[in-house]
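Input: structures, listed below.
What follows is chain A paired twice: with chain B in the first complex and chain C in the second.
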Partner chain A sequence: MPPNRFILHRLLQMLVVLIGTITVLFLVIYLMVPGDAAQVALGDHATPEALDTLRHELGLDQPLWNQYGIYLSRLAHLDLGTSYELKRSVGGIILDHLPATIYLTVAALILETVFGIGWGMLLTLRRSRRLRAISVASGAVLLALPVFFLGLVLQYIFASRLGILPISGTGGWNPLNLILPAVTLAAAQTAIIAAVSRSSLSAEMEKSYILAARARGLTRSQAMWRHAFRNSFAPVATLLAIDFGTLLGGAMITEIVFSWPGLGRMTYFAAESRDVPLVVGSVLVLVTIFVIVNTGVDIIYGWLDPRVRAGEGVNG
Partner chain B sequence: MGIFLRKWRGLTLAGALIALAVAATLIAGCGDEASTRSTFSYAEGSDPTSLDPAQVDETVGGNIARYLFDGLVRYDSETSEVKPAVAESWEANSNATEFTFHLRKGVKFTNGNEVKAGDFVYGWTRALAPGTMSSTATAILQPVVGASDLADGKTDKLAGVEAIDDYTLKVSLDYPMADFISLLGHPAASPVPRDAAENQSVKFAEQPVGNGPYRLKEWKHDEQVVLEKNPDYYGDKAKVDEVTVKIIPNPATAVSELKAGNVDAVRTLPPGQTEALRNDSTVRFFQGPGNKVRLLAFDTTKPPFDNPKVREALAWDVDRDTIANKVLQGQATAADGIVPASIPGHQDNAMPYSFDPEKASQLLAEAGYPGGNGLPAMTLSYPGVGPVADAAQAIQSEFRKIGVQLEIAGLDEGAFRDQMISGGLSLFMVSWLGDAPSIDSFLFPLFESGNIGATDVFQYSNPEVDDLLGRARSATDSGQSINLYNEAERIILKDAPMVPITFGQEAMIYSPRVTKFVHTPLGDIALNEITVSSK
Partner chain C sequence: MDSPGTYLETNLAPGSALLESDIAGRQAKRSSNRLLVAALLMVMGLVLIALSVPLLPLQDPIATDYDHMAEPPGAGHLFGTDLHGRDQLSRLLWASRTSLLVGVVAIGLALLVGLIAGGAAAYGGSLVDSFLMRMADIFLSFPIILGAIAIMAVLGPGRRNVFIAIAFFGWPVFARLFRSSVLSVRKLNFIAAARVLGASDARIFLRHVLPNSLTPLVSYGAMAVGGAILAEAGLSFINLGVQRPNPSWGLMLSESMGMFEQSPWLVIPPGIAITVTVLIFILLGDAATRALDPLNSGPDTR
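Here is the complex of A and B:
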């Protein structure tokens, strides 16, 4: 596929996913809270007349298609509605929480990348059986540890006992406050990145061009750095791109343990209080970011690596 | 907060996740000024949903709003009795349908404007207007003439409230209600300065302008709310210069922050740690009554609970002491009636039932179900998870011993509420938090038959009770009024549309640097009365 058509193709795919998401979310609202929105907003003491007035204001008394139209036109104006519970604009609330989440996500992603890939390289270079065993065991522990538990343990050791790091909160964006939540968030995924980069790198190291490079006198390490690394990076990069999306919305527990004012925690509490516009708004924003990042990575890879454009895609 | 949803939220949040706080001292830092400023900080589990007095309907924002705004009256922090606030004095006409309030002169909003009668007219009208989306105003101001028409959007004026002059406010009610005064300490009845509320550039809910002992300094969502002492406050000034509410969702984290000296009090304790913290010598433990009652509720129109004998039998089989002391571990005390002990006018030992399984069996047989034979399949539903689930299990196992087989079902809070209001549940556990520290707010909404379909979730109707409650409302002599309420309570208990199980207790911890910790029976930390020692 020529590059431009490939990009167009990916962008179209992205659009389809987004429209699908928007429609599914609309149906969820429509089916889950048929007119209940007014009741949630006004509470138990509201009279039927007051409820009807508000339902009319919110357009809840209109037929499905009209409501869908209203919903789409609001989205087109970037209007995500008003939170039932907080009575503020959903867009504003999300913008309030997005920076903290992105800050934490990026930090976790950097930790994952550096330590995950480093770990994978180490295993590739040092083919020691003992190191392998230790690595498999510690990887399993990291994957199995519940995030909640890991967070509390780190808090206890580094903050309460040793007193070298803050317990929770952002501390007004103090970088020290970022360390524990970022490590907690990155732990499990670091093990996965390590495993994937090891296997991808090891497979690459078996290929004949590496043998040829070794034959020219390069050491294993030189061959890895100069040749194998770049070629083995695609699956890891894809994993990281997906991770970015997952971390954005999936940092909920970490955000709760560390009192981090992010999007995941906000969405969790919104769901708990059945604040439908807020939940739907943040899901929509998260899906959009996720889709855009993944499409971006696809396009960049298609551009770097012609095999992808040919349909062997790294993202399948 | 006469809203079932809110009550449960506080309850199960406590059981599940949540809680509290961090340090104010960082902000004060180490400058010269800092050493002279006293600070207090406490941990809450969630961000306030709003600080607009008309909108606050949960405990976090409620606690803050009560100290940002002063209404006509306030509640005593120990006894919950009604005390004058902006109103210096008031009088009612002989049948308690008209109240005249005389306002104190020189009370100021923090924007410098004087608080006048017109600010109450505006504040109440605004609270009831549909656009404000207040879930509490209708409960608090409902007796005022024209309140329903305003809330329904039929008019934009509140007919029953009038500013006779700047310092005289006249309120007319639709029906006699001597106890109306006791509703007016609720934030929804606060005065509101029109120019601040109608300012389009800042939202009043985000930057409220009040007249209370504190004013808002900063609100960083999901991080902290900082209050500073209002130097122009008309009454006793707050003891602490700055109060920081730290939002810490995980209770265990909050406890760590307290132990590290970063917060001074923690509002919600981690589940199961109450006893350990009570015995922890590094922290101070506080326990006090709350204005909450937990009920085992029946739908009195559904078999077999339409049979009073069945309800009575089950009422004899609820082991309140075990549930309060063993199951809920001191987060509650055994109920001795419907109205919690912290409410002025509470009568001791109104409960006609003790724990007596033999008597229960005997009554069950008299009702036609010897040994539980012949009873239909029954489910005991409750909202959420946590302590309430343990209490439900305790009830299930006692009932089983007298042959009453029950399924228990924990429902999502929203689903529970929907089903309860629509009459879909026949046996359930529910907590009620009074709108105000008054007997009326525990009896009238729940048991007066006019509330069937809304807050009378038992579908309970007894003309004698309706009559007593009506007369209690209109009695201007408070002793007589309390007698009538007490009598109504005894009749309701005998009819047993529900069985009270426990009264809520609030347990929290605070730092030894807090020299005076005051917690009101309404569930608030009395921010203006707290004192701290300098570190």
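Here is the complex of A and C:
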């Protein structure tokens, strides 16, 4: 596929996924709410008149198809509706909480890049069976550990016991406060990055150009740094980009454990009070960021690597 | 281990290298089968515990006793009591039923939907195929916990809704795996042979395509059960899953948040229970991948 057609193709695909996502969320709100949104908003003790007024305001007295149209045109004007609980615009509330989540996510992403790739490199260079067995086992444990349990354990060790790190909150954006939540959030994905970068790097190290480099007198580690690393990076980078979205969405429980004032924790409070517009709005924003980042990475890799353009894209 | 010799040597003597890798391959096959048996035994152990819980002489997991709140492990209560004076051991064991049930039911639902959607995509022509695969893309763009939150906000919390939420966002991977697996199995020679021998389409699908296409779903499914157990624990931890006073490991941790110093027996056992259970399913998935993959002839020593 020529580059421009590839980009167009991916953008169209992204548009389809985004519209689909919006439709799924719309159907979730309008078909699954027991009773209707007005009932949920006003509670069980609302008067019939108040319900009717709100239904009219929300357009609930119109057929589903019209409601869908209204919903889409509101979204096109970046209007995500009004929160039932806070009586403020959903967009404004999300913008207030998004920076904290991005701050945490980027920190976790950096940790996972450095430690995941470093771990993968170490396993490639030191091909010892015992090290590999230990590493596979600890990776599996990291994957199986629930984030909240890891968070509680880290809080206990580093905050309560050793007293070297703050237990929760942002402490006025003190970088020390970022360490524990970022480590907690990054742990499971670090194990995955390590596994992927090890297998990608090891496969690259088996290629004949590395043999040629070794024949020229480079050590394994020099050959890895100078040649194999760059060529093995694509799958790792793709995974990291996908992880950005995963972490963004997955930050919720970490934010709750560490009282981190981000979008996930806010969404959780909204879900608890069944503030449907706020929950749906923030899920929509997070999913949109996720889809856009993935498409962007696909396009960049398609641009850089013709093999991707020919196939279905790095993400399959 | 940075010995420049090994790689060169094996390459300069291709015959011996081939022999070696064959022996290594058979050894690996045997050891991966052993791993699978071990993983299956562990899963059976878990199931056995969960099934036998009602028969064990345990205290009531729900009955509160405000004279014995947050007592450390001792003679009367082997694992201590929680903040409501309930027996911690009994709650831990009863919660294993919740976790396994959620894992099996939610992933069973996701698998069922995935099989139907994936089969329809593989057999239904290109229009149905691209529609279903775009649907899969759409559902895959939701991180599962976020999607679940949206569903819980709408349907309300509770165990049944945990099943729905996990299956709702869990089916696309099964659909994709089954579709691509059916497509590749259908191209194999023995399918053509069966057709030549006069087998009907239905027979070919049921006897040949279906059983041979399930392999990748088995290993992914085992890991997905672990994922579902983690998701249930997470949702219950944030009070959107299993509701009080029913026992769930996630809920037990949520109730004892901030109690780590005073009563570690309330925090560590449920955390370890989740980790070990999920670990067993990850192990099962990994072992199944190794043992069922006919192309896996050697240990991944690269």
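Everything below uses one rule, namely that the second predicted complex is superposed on the first by the 312 of 316 C-alpha atoms of A that agree within 3 Å, B and C clash if a C-alpha of one lies under 4 Å from a C-alpha of the other, contacts with A are read in each partner's own complex, and residues count from 1 in each chain.
Keep this in mind: a residue touches a chain if its C-beta (ideal position, glycine included) is under 8 Å from a C-beta of that chain, and two chains touch if they have at least 3 such contacts.
Everything quoted here is computed from the prediction, not taken from an experiment.
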Three-chain arrangement built on chain A, chain B and chain C clash or fit: clash
Partner with the higher number of touched chain A residues, chain C or chain B: C
Partner chain(s) touched by A:Tyr156 [first = chain B, second = chain C, both, neither]: both
Partner chain(s) touched by A:His97 [first = chain B, second = chain C, both, neither]: first
A:Glu85 touches, of chain B and chain C: first, second, both or neither? first
Which of chain B and chain C A:Ile29 touches, first, second, both or neither: second
Touched partner set for A:Ser168, first chain B, second chain C, both or neither: first
Which superposed partner A:Arg274 touches (first chain B, second chain C, both, neither): both
First, second, both or neither for A:Ile256, with chain B first and chain C second: both
Identified clashing stretch of chain C versus chain B [5-13, 59-67 or 185-193]: 59-67
Interface residues of chain A shared between complexes with chain B and chain C: 152, 155-156, 160, 256-257, 272, 274
Parts of chain B lying in touch with chain A, wherever the complex brings them together: 2-5, 9, 13, 17, 21-22, 26, 46, 49-50, 52, 55, 57, 130, 133, 135-136, 138-139, 142, 148, 151-154, 203, 205-206, 220-223, 246-250, 252-253, 256-257, 259-260, 262, 413-414, 418, 421, 454-455
Residues on chain A engaged by chain B in the complex (per definition of touch): 36, 41-47, 49-50, 53-54, 57, 85-88, 93, 96-97, 152, 155-156, 159-160, 163, 167-172, 255-259, 261-262, 265-266, 269, 272-274
Interface residues, chain A side, partner chain C - complex: 13, 16-17, 20-21, 24-25, 28-29, 32-34, 125-128, 140-141, 143-149, 152-153, 155-156, 160, 199, 202-203, 205-206, 211, 214, 219-221, 245-246, 248-250, 252-253, 256-257, 267-268, 270-272, 274-276, 279-280, 283, 286-287, 290-291, 294
Interface residues, chain C side, partner chain A - complex: 1-2, 4, 7-8, 11, 134-135, 137-139, 141-143, 145-147, 149-156, 226, 230, 233-234, 237-240, 250, 253-254, 257, 260-261, 267, 270-271, 274-276, 278-279, 282-283, 286, 300-302
